[in-house]
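After this come two complexes, each holding chain A, first together with chain B and then together with chain C.
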Partner chain A sequence: MSSTSQKHKEFVAEPMGEKAVNALAGIGEVLGKRLEDKGFDKAYVVLGQFLVLKKDEELFRDWLKDTCGANIKQQGDCYGCLREWCDAFL
Partner chain B sequence: MPFVEDPARFSKSRLKSDLVAHNVALPPAASKKDVYVELHLKHIERNQTADFSSDEEEEQERNVAEDEKLPDPRSLTDDELRGALLRYGVKAGPIVASTRSVYENKLRKLLQPDGRVELNGADDAVLYSDSEEDIQEHGVQDDEESGSEEELLIVELTKNAHQKSKQLPQKRVNEVLEDIYKDAEKTPTGMSVTRRRPIKGAAQRPVEFQYPDTPVSPMTFARREVERRLVPIHIQIVFYVFLVGILYLVYVNVDESSFDKLKDRLRLIQWSGSDETHSLQLEMDVIDVAYGQE
Partner chain C sequence: MSSLGDKTAQHISALLDEYGIKHGPVVDSTRSLYEKKLKEAMAKEKKFQPSSDKTYYREEENVTYVYTTPVRNEGSSDRTTYMRPRPEWSEREYDHKTSYSRPNYGGWETVDEPQMYDSPSTYRSSYLQSTPLRGGQDAPKAEKSSRLVPLWVQLVVFLVLAVFLYFVFSNMETNEFLKEIGPQ
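What follows is the complex of A and B.
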């Protein structure tokens, strides 16, 4: 990824705490709503899914697509943001 | 469910060309369609893997093979699913409620023999949508339109060509052709047909691909060429500011004395020069004297 978004930088900069799911890069209002409807209301719940898929990019992308219909870019943003967060704080 | 194509629905010419493609001896020319259908069923259904089998048959066969290997990822228990993935060299993580569907999909992908789905898995939903009616219609239309065997062969070749073209890293503009040839994705023959570049939007055909190197007019090209050689604008600005700064410094630092020095130097040069400059030099001396008196 050549450049990262503001959202990405903000998310990766600090522990996620109780941030909502749409604080994740690539997850906007629409996808955030869909994820919330499926019970993924906080960013850490998505992190849990990310971890239980063993940080595997392909699997996580598939899951995100199936769960909220994220497109390739959104999948990539969300994956990159969680992976970097893990690199920094896990 | 796979779409099963009934040979009885084929046109006679299609049946004939299929038989020819499978090296089956043709019945007498006057024989009825039923004879062709029978031959078709006998020879072609049996060895579907042979060349030029229709894509629908291929599809059917693949699903059958898949079913034989593993009935359905969904019917497996968590442990079985894990074991199946392990057989394909995938070390699955914990299979729980939220991850199960992901691993099922993964296994389904691995079960696909040619791994093409991996290439553009995003299009799966489109590729296997429930528009089977469409193919059937298209297939029938194709059959009716193509009169001779040659034309049929061309149709098959175009399908192959299309499936080759799908692998090129080009950006899709629309999916019209994908609907028509939506399951022409396997290479049963291994034949490679070089694809002709389609004329964009000609004869009302859909614009299929977007080419990065779109032709530009000579003027635009020339302008781009010039722009490429010019120094970038911000460097130009920096340069001009630098130049203005130097000129300003010169202007500020110059005073009377430096003019005098310059004049002395000029005189030296002129004395050492030819006699023709003497008159001029005398004039300058006069000026100097006048200046000195002041």
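What follows is the complex of A and C.
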């Protein structure tokens, strides 16, 4: 990724704590709502899923697409955001 | 295959390994994803079987191409036939994927569709469209006389044209003609 969004930078700058799932890069209102409906109501739950998928890009992208209908860009943004957060804090 | 939903997590895991699908633990949140992946892998596996027929079809295509007519048949079975050692120079022209539109030997084989060499079906249809010189449908042995009619006819026409032009040119060497072109 050539450049990261402001949202991305903010998310990876600190531990996520109790941040909402909307705080993830690539996840806006619509996708956030869909994730919450499926039970992923906090960013850390999505993180949990990311970790259970062994931080694998393809699996995570597929999962995100199936769960909330994220497109390629959104998948990439979310994956990049979580991966960088893990690199920094995990 | 019985429904994947009935299988144990361990079984799903084993199946994923079988298909070479990279995966994590099969838990509630990941199960549906892995089931979907397994379904895709199974469907893909089934798809591979009919493709073996395709190769056979290609070989068949290859055979028909051998004694082919000048028109533009090289389209379909390009790869393998290009490797064939063709003594015919005109044939080789056609073998070139890119430049086969060049040869205008007799003027008939105006090769028009460069992107025909995709599927055998297009080859068939264009082959049917090509009226002149359909020579080719016999045995695949025709390495020498694959052209049959075209080649020597081309040469004859060429010679006739050359002779004709020579006559015209020789006749042009008159005063009258020179006078015409003189004061320009």
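We take it that the second predicted complex is superposed on the first by the 90 of 90 C-alpha atoms of A that agree within 3 Å, B and C clash if a C-alpha of one lies under 4 Å from a C-alpha of the other, contacts with A are read in each partner's own complex, and residues count from 1 in each chain.
In this section, a contact is a pair of C-beta atoms (placed from the backbone, for glycine too) under 8 Å apart; a residue touches a chain by one contact, two chains touch by 3 or more.
These numbers come from a predicted model, not from an experiment.
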| item | value |
| --- | --- |
| First, second, both or neither for A:20, with chain B first and chain C second | neither |
| First (chain B), second (chain C), both or neither touched by A:63 | both |
| First, second, both or neither for A:54, with chain B first and chain C second | both |
| Chain B versus chain C as contact partner of A:86, first or second or both or neither | neither |
| Which superposed partner A:72 touches (first chain B, second chain C, both, neither) | first |
| Overlapping contact positions on chain A, where the chain C interface meets the chain B interface | 49, 52-54, 56, 58-59, 62-63, 66 |
| Chain B residues within the chain A interface of the complex | 93-94, 96, 98-99, 101-103, 105-106, 121-122 |
| Parts of chain C lying in touch with chain A, wherever the complex brings them together | 22-25, 27, 29-30, 32-33, 36-37 |
| Parts of chain A lying in touch with chain C, wherever the complex brings them together | 49, 52-54, 56, 58-59, 62-63, 66 |
| Residue ranges of chain A touching chain B (in the complex, touch as defined) | 49, 52-54, 56, 58-59, 62-63, 65-66, 71-72 |
